[in-house]
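Chain IDs A, B, C and D follow the sequence of writing; residue 1 opens each chain.
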Amino acid sequence: LGVVERKAWKLGCVDVIVVDARESFCKEYLTPAIRANAVYEGKYPLSTALARPLIAQRVVEAARRHKAKFVAHGATGKGNDQVRFDVSFAALAPELKIIAPVREWSMTREQEIEYAKKNNIPVPVDVHNPYSIDANLWGKSTECGVLEDPWVEPPADAHNWVSPIEKTPDKPAYCTIDFKTGVPCGLNGKEMKLIDIISRLNQLGAQHGVGLIDMVENRLVGIKSRETYEAPAASVILAAHRDLESLTLTRDLLHFKRIAEERYAELVYDGLWFTQLREALDVFFAHTQHRVDGTVRIKLLKGNCRVVGRKSPFSLYDESLATYDEGDRFDHTAAVGFIKLWGLPHKVAAATEKKKK
Amino acid sequence: LGVVERKAWKLGCVDVIVVDARESFCKEYLTPAIRANAVYEGKYPLSTALARPLIAQRVVEAARRHKAKFVAHGATGKGNDQVRFDVSFAALAPELKIIAPVREWSMTREQEIEYAKKNNIPVPVDVHNPYSIDANLWGKSTECGVLEDPWVEPPADAHNWVSPIEKTPDKPAYCTIDFKTGVPCGLNGKEMKLIDIISRLNQLGAQHGVGLIDMVENRLVGIKSRETYEAPAASVILAAHRDLESLTLTRDLLHFKRIAEERYAELVYDGLWFTQLREALDVFFAHTQHRVDGTVRIKLLKGNCRVVGRKSPFSLYDESLATYDEGDRFDHTAAVGFIKLWGLPHKVAAATEKKKK
Amino acid sequence: LGVVERKAWKLGCVDVIVVDARESFCKEYLTPAIRANAVYEGKYPLSTALARPLIAQRVVEAARRHKAKFVAHGATGKGNDQVRFDVSFAALAPELKIIAPVREWSMTREQEIEYAKKNNIPVPVDVHNPYSIDANLWGKSTECGVLEDPWVEPPADAHNWVSPIEKTPDKPAYCTIDFKTGVPCGLNGKEMKLIDIISRLNQLGAQHGVGLIDMVENRLVGIKSRETYEAPAASVILAAHRDLESLTLTRDLLHFKRIAEERYAELVYDGLWFTQLREALDVFFAHTQHRVDGTVRIKLLKGNCRVVGRKSPFSLYDESLATYDEGDRFDHTAAVGFIKLWGLPHKVAAATEKKKK
Amino acid sequence: LGVVERKAWKLGCVDVIVVDARESFCKEYLTPAIRANAVYEGKYPLSTALARPLIAQRVVEAARRHKAKFVAHGATGKGNDQVRFDVSFAALAPELKIIAPVREWSMTREQEIEYAKKNNIPVPVDVHNPYSIDANLWGKSTECGVLEDPWVEPPADAHNWVSPIEKTPDKPAYCTIDFKTGVPCGLNGKEMKLIDIISRLNQLGAQHGVGLIDMVENRLVGIKSRETYEAPAASVILAAHRDLESLTLTRDLLHFKRIAEERYAELVYDGLWFTQLREALDVFFAHTQHRVDGTVRIKLLKGNCRVVGRKSPFSLYDESLATYDEGDRFDHTAAVGFIKLWGLPHKVAAATEKKKK
């Protein structure tokens, strides 16, 4: 029996259902997230945010199996997770009532720990180790404790996935990631399932110090918080994916996609997974990816993840157009006309203002 | 006499004007660029792009002093610089005719080198060292040669600003950057001019391997090209600036600003400096920055530039709202109502679709 | 004494302050709203939404004069106005507590009317005439009653500003509006204050049946509602303003401004007037308007408001470029080069996909 | 034989192919355009712009049937159509060379007319009737002549589709349009094909004076031009479609869709039909429309097209939430919490700035 299971039985639950939903997580959540380059406020790959709607789905399934009238979660009243749970429940099963004791009782972390002790609920923190942690395949988040002061550098004990740079190997690791329709499908030339690629890159990235994130982020509920994340695989995969897109998608598409990506990350962060706009954006992103096939070569060294090569059967990079050497097929004379019309409105505008003055 | 000056006199110019425009560059171009977090396609800090309109301004001044009817530049017919020069000239001095021999004669790089040799024009490349380079205070770009194959890792000889990670110090360097209205004004607690802060950070960043960029980018003239950049100071300053903004600006402002930033970077890249929209966006950005005062603490190590602390008199991070410990002033009960209305449209939408099926 | 004043004294208020804030409304609210073409969801000119923060300002002033600890408003718990009031109060005077009886007591409109009767509070509706109405210089909104069914055509009694088309004059009215930096400053060639121009156009527009709006709109609090508005002056002025912008602003600026306008209208609608982003957007819009001088000629007839002429000293329309007749100064040969590069990325993309198949 | 056919044979063509492509136009072009509410710069429903890529497709088919090496079109060097043709040809058949005599010879309209006369080419204009006209199912555009002065009101002879308001019936016409997945499928309760609905609404709308557009628009080639359009059916259908969307789509989706719509209209206008981004946006729009079923009731009168009723099986308008009368199911107390968190960031920001001052 696992830790959670034992804990649940011990606390007197009438049933305990432990689910390994990693395959669903990869297929239904991480696949669209990768295609969307989903990153909140330029940094956070949404590991926890992406998992919440999936958990809500499974909780609803369990509730229905048990004909339950209530569902409960342990999220606090000032975080994002309560929103993600509650909004998902409301969309999937509006008939279920939600119990959220931590939110309802408005306890401080100290009070929660005390309550747990008094009621023999085993909790993985104590007052002296007060980080609040959540982890899954796509990353780990660590907050609270000394991290609450955004001026303080995260101490060594705050992170245990990603190696401190000082302890990483002196030799770089190179790896290639193969993509098919925007999703990793192979590592170092060997076909692999997404779940296995992520696991392997979490290991490899962490070993080389890649994937530490330290940020002040804007919670949906109106406050700023200082958060730290460890996301080795997400960092590597998203860097590679973005790079392959730069090779295979047109400028027009790439530039508009960035705007759609920002909106998408907001939606996921804000708990709006089961909504019209998220679904429609996923369809948009999925369609853009039918050309995002190819291979990206990555160099991992001392906390750095550098894309050092990329190729694709759909590459729009045309050496015969780009080269400055022999074999150049680009029509240089076209540029003169192009620039003339490109600059024309601004030439007219500048002349008009000068005339006015 | 400098290299350029000697070369010009030797080639028989009637006059040679060499200008140190770095102060103007800092004040009129880098200051707004920092406030706008100006980065093209997520990576390129626009070092060359920002310098072109300034060069055009000075060329126009010189042309007017000499009552010239023509101005010339050496940009090719397939790059971005010709657009930046020509559009700037058209806005500033539409009466001047533009000569661009490299574009007009459509020579390959080999032919250019040959031409230069035949005409005794000293050039800093030869067929065996065929990188095309441009450098200024804000960064250095290197393209051509083996870099034209996007699958090939940049060889060691391609970059000489940023140290290879293998050769960087094992000890981290910490530094603090002070900002005033969004612009660096001090280093390690000492007030300094922007130009000096950039110079110092170029040195320090380069020493620690920070600021190497390798990308496939979309040129305005319709082709993709593989570009590499070295921009140590730009990398450090922009990371620090973005982080300080995350502490001092509201979520609404930050999220909209990202969209405006993308557009701004496009405009600068596309040679549209002297235009209505660029000017209006600068006014927008400048206004947002009156609260972006404060200090950011940076750790440089082995190619990594990590923000490890940030503080500001305008900080919107309120520990008494964010904390999970005693002293929490956040109203937890408010969340229930918030979530109810936040999720309401999606609850209705989900119910409607279910009913339909 | 006015109606409101009499009513207040009669109800036993300790003091009554009636303010004519129309000049402030024009200067501080309508001026930026016109420059921003502020219209929510493509239709609603935000008449009520723009007035709420101004009312909040004056209420706060009064509260401070009286050293009050509480402020009250009569907004319900499901409308937008409560948000606009509460958020404005929170920004301007966070120390004031807010009382909102209608919201707190959760009464239906019937119960409210009954309560009012029982307590001798004169109210302008009864159960048989149950429209809920708000009106100011910029427009009038009418909701509730039969209008709650979005399939029902608004009955004749729902609107009393705008004439039914059947009763409007058969002869068109022409008028010209002069603009200075994006704001109306004259009518039919005569200099006038904004407040007088609006009053006059409300009259003239209403007489010709212009300015009726019927829409299903999305409230901030998560529900859709059917709203009707009468806004003759706003309709005419915004049509004229947009048209003058099309003559004086570049395409780049106009297209980006549309995105910023949408965001601005959301902010105003959502009660976020006293916020960083609204202020920064206003600075942006104001800067764009220094060229929006000129005159627009309008034809009003039978519910139609057509711009039939526009001119400006800053006009970017250049007949010598646009004409197809003699005098054409446009360089037709430039187009060939322009199109070649404009289409190049898409030509490459199409070829790549064909090759793949 | 039709006019075009006779003209072609008379001029000595080796073959003449006249195609009725209206069904394709409806299915492949107007259907996505309606779903996207495609309107350029807030006014122009893109009638000509949407037809060009379809014409290019058919020309390419014909060229291939004849094993032609060249294709020709009559677009000038300063309009948008040359871009739409050339870019479409380049994407569909890059091997074909393009001949565009009007552009290549740089003739004025007078010279063109003279050339036509000299060569016995019948043309529908003369110097005294110099409007340039293009028309199809989706609208008619009229430019040139006196219209080139944006201050001049279009004279009566400029438009012959839409009746002058003075000559329209005094009685309104009501009609209902049924939509299925965002596309009209019935009129007045009778199932009809899109092509027939458009034809009928062109008639009916024109009769009632609906669909006249007069604007200064930004051409892609860098100049402003004054354009007038007649688009009765497009005006009615787009008004109805937008309204039905407001009933069936969530606020989040609607607001983002507006941004995507602007970009889409730009792409279509700019000749970028056969591109990655246009295709991906169409997939996005199509997905959003699976709920846009329902009926819209329209009142046409004296140039006005007013939506006076709308209903849908997917309606998100919930009278029990929206009503202020008995039966209200909205939780009024939720609003207090909602507003607290909604305004929280701005309260903190306001307090911070006050403290600073």
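Annotations for the structure displayed:
The criterion applied here is as follows: a residue touches a chain if its C-beta (ideal position, glycine included) is under 8 Å from a C-beta of that chain, and two chains touch if they have at least 3 such contacts.
Keep in mind that this is a model prediction, so the values were computed, not measured.
In this structure subunit A contacts its sequence twin subunit B using mostly the same residue numbers, the overlap exceeding half. Between A-C and C-D, more C-beta contact pairs join the chains of C-D. Chain centres here are Cα means. That of subunit A falls 39 Å from that of subunit C.
Centroid to centroid, with C-alpha atoms defining each point, subunit C and subunit D lie 26 Å apart. Residue positions of subunit A touching 2 or more other chains, listed in rising order: 218, 221, 223, 250-252, 259, 272, 275-276, 291, 315-316, 318, 321, 333-336, 338, 341-346, 348-349. On subunit D, the positions that touch subunit A within their shared complex are 218, 221-223, 249-250, 252-253, 256, 259-260, 263, 267, 272, 275-277, 279-281, 283-284, 287-288, 291, 341-345, 348.
Note for the complex: subunit C touches subunit D at residues 41-42, 76-78, 82-83, 86-87, 90-92, 94, 103, 106, 108-110, 130, 132, 144, 148-154, 165-166, 170, 172, 209, 212, 214-218, 220-221, 223-226, 242-243, 246-247, 250-251, 254-255, 258-259, 262, 266, 270-272, 274-276, 297, 299, 301-304, 306-311, 315-319, 321-326, 328, 330, 332-336, 338-339, 342-344, 346-347, 349-351.
Taken in their complex, subunit B has these residues touching subunit D: 250-252, 291, 313-316, 318, 321, 331, 333-338, 340-342, 344-346, 348-349, 352-353, 356.
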